[in-house]
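Each of the two complexes below includes chain A, the first together with chain B, the second together with chain C.
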Partner chain A sequence: MAQIFHRSANSIAKASILGGLILVVGLLWAALQLQRSPYFTYAGVARPQPVPFPHQHHVAGLGIDCRYCHTTVEVSGFAGIPPTRTCMNCHSQIWTAAPMLEPVRESLRTGKSLVWTRANDLPDFVYFDHSIHVNKGVGCNTCHGRVDQMPLMYNQASLQMEWCLNCHRDPAKNLRPHYVKEDPKNPATMGDQIFNMAYQEPSDSHPVTIREGNTYKTFTSQTGPDGLGTYLAAVNHVRSPRDITSCNTCHR
Partner chain B sequence: MEHAPETKSSETMERLLPGQSPVLLPGHTLETITDKIVSIVLRRPVTLGWVGGFAFFFGLLNLMLLAMAWLFIRGTGIWGINVPVGWGFAIVNFVWWVGIGHAGTLISAILLLVKQGWRNSINRFAEAMTLFAVACAGVFPLIHTGRPWLAYWLFPYPNTMGVWPQFRSPLLWDVFAVSTYATISALFWFVGLLPDLATFRDAATNPVAKRIYGLLAMGWRGSARHWKRYESAYVLLAGLAAPLVLSVHTVVSFDFAISIIPGWHTTVFPPYFVAGAIYSGFAMVLVLAIPIRHFYGVQDMMTMRHLDNAAKVMLGTGLIVAYGYSMEAFYAYYSGSLYEWFVLKNRMMGPLAWSYWCLIIFNVLIPQVLWIRKVRLYPPALFCTSVVILFGMWLERFVIVVTSLHRDFLPSSWGMYVATKWDYMTYLGTLGLFFCAMFLFIRLMPMITIFEMRLLVPQSKLSEEAAHD
Partner chain C sequence: MDMRILTNMPMPARRFKQAALLLVAVGALLTVSACREDMQNQPKYVPLRESSFFPDQRSARLPVEGTIARGQLEDDSLLYTGKVDGKESAELPFAMTAADMQRGRERYNIYCSPCHSQLGDGNGMIVQRGFKKPPSYFEPRLVQAPIGHFFNVMTRGYGAMAEYSSQVPVADRWRIAAYIRALQLTQTAKGTDVPAGVTVASHAPTEGEAPKEAK
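Up next, the complex of A and B:
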């Protein structure tokens, strides 16, 4: 009886066993990578906005505090998007004829709000509260990134649940003090550190000194038993990872 | 049918013969066995009866596709489920189908390990039945989520949510039990097919068919080395599959038994679920075997002995199931639990009492006719009994799911369950899927294991003995 397959079919059959395995594993790996890529998360991708508002210029260049525009970030779940009048506080005096700002002036004339595209947008089934994070010591740039270096706004983090849980499972690594011992030579030590974009966590070369009662306490590490984060988690009464990773903490 | 007159007379002869009939009627040689099984697929023309039957079940299958399309558009609200009965037809049908699959594994794995020669002619299609039944069962967990495109969330993989599935939930154990079961069953079926696919490859005259069977046979040449490896692989797979007969339906019963709902929270569930699974599985084997041996004239290979043995297995497992029902009732009384006692009373005398009493009649009373030898040896009666048992086993799951849920602890949250037309369409549709697959299988694959049947021929016994001398 004649052979129906060439003898090379033997090698092809053997290779297909390994090839099939590699293909399946490779496809799964690629799918997981794709799901975490900016293609899905938009991390680092600037969105088109009605006015190309540069956070970099306003924060780093002019030194405007976050809370000048995002007024309710310390007291409410929603940080607040500034009304047109907040823009016009300055822009009624400077750049009054700039064509780029025409949508802002039109908004003021017509009373219709500017419609910004949110970069850091969580799904509706996630309950998120800014005030608790700010008050327990999570800095703005921990989640939002160096906004003072962003010409146009984008979300730095993936905003995926594993990213949220990464901190909720071990909050101490991201906590910072509201106030540190002021150093006249370093203006960054003045004011609330939560809103300090350039805050550095304590290290041996860069210790962080905070006030404790009438004395000062210096930290040279963030985590560990002597770490600043561990200390802050205790004094700020941050609840246990078991509590803050419970489903209904965020999905209510 | 050319075989008809001959087999008719041999069947009559079998019934007249005292004692047990053989597993292969006399008159066969090695050549006639191969020829007969091969000719069913390769030489028998497509008959009108086959086309008609296939078209009917294909219509049912399309009913399911219709119901599923509407389900995906509108969500599970189109079903009869609501508070308090959140588990309706989907789980009833799932458990029913998974149970039916068990007979295939029992026949192919456990009966192989305990060296029961009579399994040889029915194991192949029983294994196919297992595969198709598990496929039908798999439909329901997928679609009952309402968002089946997210069903992969059931599997533990490093997802972007940073969480694992709930490993303490029996519903997750179910995912593993059923997917393991499907994998092992498919592997076992395919490995068993290899030598026969090679026979088909050699016997086929159509060059396309020759190539397809050749591809599937994976280069089987039937050398002594092939057979040696084949035998060890087959027994190993049988060893892997055998515990699944017990474990899969045990895990399925945990879906209920692990909860604290009165009527579900019972330790008798695992053993009596397994017995019920084999019970319904053998009923399905007979529902398939009796028409197949009639229409394809293979009464000489699927003999009265097979029907008789299958009926006896049904009788045995049916009695275990009946014991399960009586223990359920006894413990409702003996536990002293007000709620257990209420569930029992509600089952027997509540608004769904009809389902409980139909279940007792179908599953406990009617199958007692199998004690009578004449019934076991009369295929039409056996067929009807098997259909009744299949209905009964479906009702068993209905009674467990619905009557336990619809009146639980708080009278304020009592309710009724009425299945909608979409529920029925989906259920009938899986029947369509199952029988369509069976119809195709019979026309495309060797439904009886050729090489194992050849072992039953006296000729092969003689040469074996000669080899031993």
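Up next, the complex of A and C:
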């Protein structure tokens, strides 16, 4: 009986099986990457807002602390969005004729709320709390990026579960001290470092000195047994990764 | 569903059952994916979420007028108004510890320094951008003012200055007032004011934890 298939059909068959597999895996990989991409997570995309509120001007330009506006970030789950009156503390006298600020003035006149569009929005089945992160030593910019350089607000992180877990598995690498030894020549060392957008973790060329009782302690690394993060995780009693990666930490 | 019953059925019925099962499965999948939306945005209020129920669309409601929550009677006139018998008090409502002063300094730098500057001379950044210049804290009138005056100004506002009671809780307002007093002293303090045997650090004492909870 004559051969129906040419010999090369063998290799074609093998190649197409392999090709098919590669295609399927490739498609899966592409889908996974796509759902992590800004197209799906909106990371890095500024939303339209009633007033183009520039964090850059107010934080870096004027030096206003986050807590002036986000008053509850240290004590509650919700960071707080400033009411119209807070804007008017200053804008009662500053830029009073600017059309850009008309919605703020209108809101004060009529009592209607300014309606901001959320940039960071977790699904409602996820429990998140600012105060514990702030108090245990996670800086705002670790999660929100360099807010002081944002002309308009956007979310820096994907806010996906993977992102939360990456930190919860090893929080020490992201912890910083509240207070460092003050250097009068360097205003960034003044005040709570959680709100310091330019905080740098310790390294050999940039040691970080904190107070321990009545003496000072200097760190030259973030991780490892002598690392600042390891030290802070211990003194702040940060719970074990096992505790904070269990499902009911965030889904309750 | 019990598989045994299914396999014992005659062919057409079995087909029908299978199709029905498939339909149910697809339906379930669709409902689940629809549920995803429901679970992402559940019909509940998270802080400041828009409401379609109230005419002003705010989910954050004010309590009915006259309501007093437990522990919020505010019957301590000195603590809540800074006044005793209608006059601004020269006394503090609670004793200030070093930690209170540190917290006062921190809160002052957050809420007041934009205009009054960290020094207290009234030359803050917002003033440099055109806001009315507040008086320096070192003016004799303010040096002599009772401490209740500072509390009162923060609580009710003063002229061009807005009130800060919604941004700063009451205990923190007293800590700020105490810190301003300390700022004023810096201008007149002499070496002899320091008790014997105590050394003064060249930097201000902020390190260490300030009490976090506010009253």
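We take it that the second predicted complex is superposed on the first by the 237 of 252 C-alpha atoms of A that agree within 3 Å, B and C clash if a C-alpha of one lies under 4 Å from a C-alpha of the other, contacts with A are read in each partner's own complex, and residues count from 1 in each chain.
Throughout what follows, contacts are C-beta pairs under 8 Å (C-beta built on N, C-alpha and C of every residue); 3 or more make two chains touch, one makes a residue touch a chain.
This is a predicted model, so every value here is computed, not measured.
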| item | value |
| --- | --- |
| Residues of chain A touched, compared between chain B and chain C (which is higher) | C |
| Touching partner for A:Glu182 - first (chain B), second (chain C), both, neither | second |
| First, second, both or neither for A:Leu165, with chain B first and chain C second | first |
| Touching partner for A:Arg36 - first (chain B), second (chain C), both, neither | first |
| Partner chain(s) touched by A:Phe5 [first = chain B, second = chain C, both, neither] | first |
| Partner chain in contact with A:Ala13 - chain B first, chain C second, else both or neither | first |
| Sites on chain A touched by chain B in the complex | 1, 4-5, 9-10, 13, 28, 32, 35-36, 158, 160-166 |
| Contacting residues of chain A [partner chain C, same complex] | 62-65, 67-68, 71, 74-75, 78, 80-81, 83, 85-86, 88-90, 92-94, 111-113, 115, 123-125, 135, 178-184, 190-192, 210-211 |
| Of chain B, residues touching chain A in the complex | 157-163, 201-202, 207, 210-211, 214, 218-219 |
| Touching residues on chain C, where the partner in the complex is chain A | 39-42, 44, 46-48, 50, 56-58, 106, 109-111, 114, 125-126, 129-132, 160, 162, 166-167, 203-204, 206-209, 212-214 |
